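Look for chain A in each of the two complexes below; its partner is chain B in the first and chain C in the second.
On to the complex of A and B.
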């Protein structure tokens, strides 16, 4: 069966199905349930087709290119799916498959409220855009599909348009993404100027013609442009507001997959096309990784909006991916190809892992939100008794994102650690210190992420309910549970079979220009992963098996030996007063000590308003209002001044724009004259 | 013989751990001019707790029920995957130090969840403090092992132990730094002064004890036992990573027995050291603890720069 259809056919089949899904949803928009089934159903079929295509390329080496030439060679539609693209097609299809199944159940609460045809249309177009982005092979075509992806996701962000906050979040996203696109355009234009083409393979072949200045500029512009999409700090400000605003299954796709297209282009452009020759490029990426991972998790700790919390964790994980990618580029510039390949495997592995557990966590959050109708985790509590399965899946996601064994996050962080450890052994003291910083940030990030997810899981699912909404919560429906269960299983499987997965990813890395002959980086024997220099080895299946076997043994032994002891159910010790839900720890107080410790970076703010009964004497307060928060340093110190500057500059430009037609004609005449002189 | 050594390796930590706790308490009692309980008292406590009925909070979920088993399991696995008396088990695939660090983190994660689960104010605050400390410990923990692993060119704890044991004496300057850092981490992870007061009865100052306030009966026994195991694991790491003399590579009965003897002596010395430390300093204010943990981190980072 698999042999009958080629990778190319199933890739285009996926695109076709998505197009049918998009148009069909609009057609059936009148009937909510039909639009829902049509939009998500075709997305499911398309994802299966995409998965087949990706697997065929990754495992059966069926890479393909496809070009429709036009009279202007630069405007041709050009696609190329090599193993790196296929790896990202795999991630997109995997998450899209489960998100769409989840969506069938999730969007039911939009019935009679919002137009589901529109949702289905943009959802499918969004998927089309992402599939094209990771396969486009021509700069111009790339920009078009990049824009399709961005605009479709914008419309998804503002889909719930009856809430004003969502519109605001959408506008911020729209502005930021277009600033990013502008920088990407500049990067491509510079490449065009230097190499005379927009076709990626021609650019790659002629990149030698480009001067160092051009290359550096391309690096900076692309870093800002794609970095904005990836959500690196300080270009992340759209992310924590846009991701929560979208419907949950779209948040899962945006956080799990869309921001990874930025990572994809980093690899494509910096590693393959520019072949990472400059040391400072890698160093910059590494430092951005350090900052994004640490600050991302710290901001997540301060959040009590569950989806914003998860969005900040996306920034953290992008940071971890960039630690791997930055190491790869540093090794590349020092001509240490094997280490570079190892780092790329780490970065790509973490990309895959983050897609699975972040989608899982968003879906868990979405299930909770659809039952409690609030995103504020202070109003949850005790949900484990009302939604036991969702709780289990969310717990698995939390363990995975906190890099705890035996789940997949553990292995990719372990691998990232190993690449950084290799970097520390570089003799150059400056590079060495940078890698030491990176190792430290990764270590602290892991610990802080664990703290954050103890908070998120504990305050949401454990203890007693803090609001009436929780008491009415029911376990979510079959489709939603199925998707979460599948993703939870995926995090476990990717963690256990880490050896085989690394091999497949190494295949994708070997497919990149300059890495063809790199091999012998690590051995995998029976899923035991060993670095070939003998520095480190780990067996994830072993950890899993031993953990489960010993746990069962001990449980059994204790059970048998203490079978006569009774278990009495009593009340939690209450010091003689009645235990109220307010006495439980809240998310704010849980994270408060960490916020205080890192007050230098977080700048916590505290507003105290007291209203007195006797305004003159100020002895007896009537009411107190304490507001804890953190100062948005980026807005205050970066975006606000930038905005003021822009407005001032626009003011100057206004002087030229008088609004009288004659003057504009005079301008045109003047320009013409100048051009004539310049020409002659 | 292989099976016997494996059995000893597996059983050594859970069997001996209450003893060292008893010794620690005895020494502390003597410092406070008390006679103190018998050094075998922790065994009797466990015996007693295993024979008691249990009271469980009505708010507890399965997390609260499963956590003691999981935490105990992890300490058993860790006890088996670190060098105790022989370097002979070095093909052990769980001995990668990152695996050890993250398994410790896994047990802390569940302990903190169990603390929140019953919904008492104390448990929640205990969890918050524990996770704050655990998050800040991780850097120093990883870096202290990392420094040693660069000496040994391996992250496997058994290789590290055998590599450190053959080092010339003058190369020990960085190792001293790493040892100081490790001791700080050990005191924090095992809930000793100046981080936590293991004997406290005042809920407001508790960290570890606050989280397990609601446990009773067999589950309390498991948690107490696991805490004792963890203490011994850290003592053993301290003894065998930094003073790895006396570990045997042979498998004959005599060398195994003598290696076991040396192990007990080394750990006893470290226990005495912790006891003296605990009797001579006060508990720090919570918001000064992170200074200490960052110090641990920076000391190890300096050691890494010195080693490479």
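On to the complex of A and C.
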């Protein structure tokens, strides 16, 4: 059966199904349940088809290209799915498959409130956009599909348009993503100028013609352009407001998958097309990775909005991926191909892992939100008693993102560590110190991420309910639980069979130009993973077995030792008073001590308002109000001055626009004269 | 089991009573007897006497007796006061929070039967109306030395009971 369908066929089938899904949900928009089933159902079918295509390319080497030529060669529609593209198609399809199943259950609470036909339409178009983005092979076509993806996701962000905050978040996203697109356009135009084509393979072949200056400019523009989409600090400000605004299954896709298209283009452009010639490129990416991972997790710690918290963790994980990618580019510029390949495997593996556990966490958060109708974790508490399964899946996601074995986050971070350690062995002192910094920041990030998820899980699910809404919470429906269970299982399987997965990813890396003959980086035998230089080895199934055995042993010993003891269940000792939810450790109090340690970076703010009974005689306060927060450094020190500058410049530009027709004709005449002189 | 009111031990020094106590505590409680004191609306006289047990003159910690902050750590509850209505629930909670096996001692006349507050609408007339009481230490208030003597007596009783069960 699998042999009958070619990869190309199933890829196009996926696109076709998504198109039908998009149009169909608009058609059935009158009936909420039908639009829901149609939009998500076809997305499910399409993702299965996409999965088949990706697996066929990755495992059966069925890479394909597809071109519709037009008379203008630059405007031709050109697709190419090689193994790298297929790997991203795999991530998109996997997350889209489970998000769509989740969506069937999740969007039910939008019935009679919002137009689900519109949701289904943009959801499917969004998926089409992402699939095209990772397969486009022509700059012009790429920009079109990039824009389709961005606009579709914009409309998904503002889908719940009755809340004003969502519109605001959407506008910010729209502005930021177009600033990014402008830089991407500049990068492509520069490439076009240097190589005479927008086709990726032609650009790659002729890149030798480009001067170093052009290459450097392309690097900077692409870094800003794609970095904005990936959410690197300081271009991240749209991410924590846009991701929470979207419906949860879309947040899972945006955070798990969409921002990875930025990573995809980083790899495509820097590693393959520009073939990473400069050392400072890699160093820049590495430093951005360090900053993004550290600040991302620190900001996550200060957040009380569960979806914003997860969005900040996306920035952190993009940082970790960039640590791998930056190392790869440094190794590439030093002509250490094997190490570069290893780093790429680490980066790609973490991309896949982050997609799975971040989607899982967003879905867990979404289940909680759909029951409690708030995103503020201070109003949760004790949800484990009301939603035990959701709690379990969220816990698994938390363990995975905190890089704890045997889940998948552990292995990819281990791999990233290995690449960084290999980088430390480089004799050049500057490069070496950069890698040492990277190793430190990665270790630090892991610890802080664990602290943050102790907070997120503890405050949400443990202790006692802190609001009435929690008491009315029920376990989420079948579709939502199924998706979460599947993703939880995926994090475990990817963690245990990490050896095989990294082999497949190495296949994708070998497919890139310049890496064809790179092999023997690592050995996997019975899932035991060993670096070929003998520096490190790990056996993920063994870790799993040992952990399971230890857990069972502890359980058994405790059971035997306490078998004769009588168990009496009583109230918690509360010193004779009544236990109140106010006595619990809240997210604020948990995070505050860490925030204070990093007050240099986070700039915590504290506002104390006291109202006195008698304003003249300040002895008896009526009420005290303490507000703890952090200053938005980027808005105040970067975007606000930038905005003010733009407004001032626009003010000057206004002087030219007088509004008298004769003056405009004079302008045209002047320009014509100048052009004539320049030409002659 | 209620102690006779005229149980006195004026003859002996604190060190001698303490030495005997220490031996008993060593045998029965593995060297340390943890007491949680519950004030259920006492006049504070009993508290003063109990506090005096920890001062440098009596210093009962040297014999292995310690006052603990949580009933979860306690072997023995010492309840003072006639049990006011407001303290009733707190007393029950404390009793429930103390792990089994536990010893409940009512200290002072107020705790035994309400004392001078007996019959007031605000009090419930003694600890044994609320929770089962094992021993009583009379006095209004009992002096620290009396409390120590009674403790010794209590341990003797417990030890005899323990022997009786083992046989």
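Here, the second predicted complex is superposed on the first by the 677 of 680 C-alpha atoms of A that agree within 3 Å, B and C clash if a C-alpha of one lies under 4 Å from a C-alpha of the other, contacts with A are read in each partner's own complex, and residues count from 1 in each chain.
Definition applied: contacts are C-beta pairs under 8 Å (C-beta built on N, C-alpha and C of every residue); 3 or more make two chains touch, one makes a residue touch a chain.
Nothing here was measured: the structure is a model prediction, and the numbers come from that model.
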Open item on the list: I'd like to know which partner A:385 touches here: chain B for first, chain C for second, both or neither.
Closed with: first
Open item on the list: Which partner chains sit in contact with A:584 here, chain B, chain C, both or neither? Use first/second/both/neither.
Closed with: first
TODO: Considering only the touch criterion stated at the top, classify A:196 as touching first (chain B), second (chain C), both, or neither.
DONE: neither
- [ ] Using the superposition described at the top, determine whether chain B or chain C touches more residues of chain A.
- [x] B
TODO: Please indicate which partner A:621 is in contact with in the superposed arrangement: first for chain B, second for chain C, both, or neither.
DONE: neither
TODO: Using the touch definition from the top, say if A:629 reaches chain B (first), chain C (second), both or neither.
DONE: neither
Open item on the list: Going by the contact rule set out at the top, does A:641 touch chain B (first), chain C (second), both, or neither?
Closed with: neither
Open item on the list: Contacts for A:574 in the overlay, against chain B (first) and chain C (second): which applies, first, second, both or neither?
Closed with: both
Open item on the list: Based on the A-chain superposition described above, do chain B and chain C contact any of the same residues on chain A, and if so which?
Closed with: 566, 568, 570-571, 573-574
- [ ] Going by the contact rule at the top, pick out the chain A residues touching chain B in the complex.
- [x] 381-382, 384-385, 391, 395, 399, 402-405, 410, 414, 417, 421, 424-425, 429, 432-433, 436, 439-440, 443-444, 446-448, 450-451, 453-455, 457-459, 461-464, 528, 534-539, 542-543, 546-547, 550-551, 554-555, 558, 561-562, 565-574, 579, 581, 583-585, 589-594, 596-597
Task: chain A residues within the chain C interface of the complex - done: 566, 568, 570-571, 573-574, 576-577
Task: Residues of chain B that touch chain A when the two form their complex - done: 50-59, 61-63, 69-70, 72-74, 76-77, 93-94, 96, 98-99, 102-103, 105-106, 108-109, 112-113, 116-121, 123-125, 127-129, 131-132, 134-139, 141-143, 146, 149-150, 153-156, 213-214, 217-218, 222, 286-287, 290, 297, 301, 304-305, 308
Open item on the list: Help me check something: in the complex, which residues belonging to chain C touch chain A?
Closed with: 70-72, 87, 89-90, 93-94, 96-97, 100
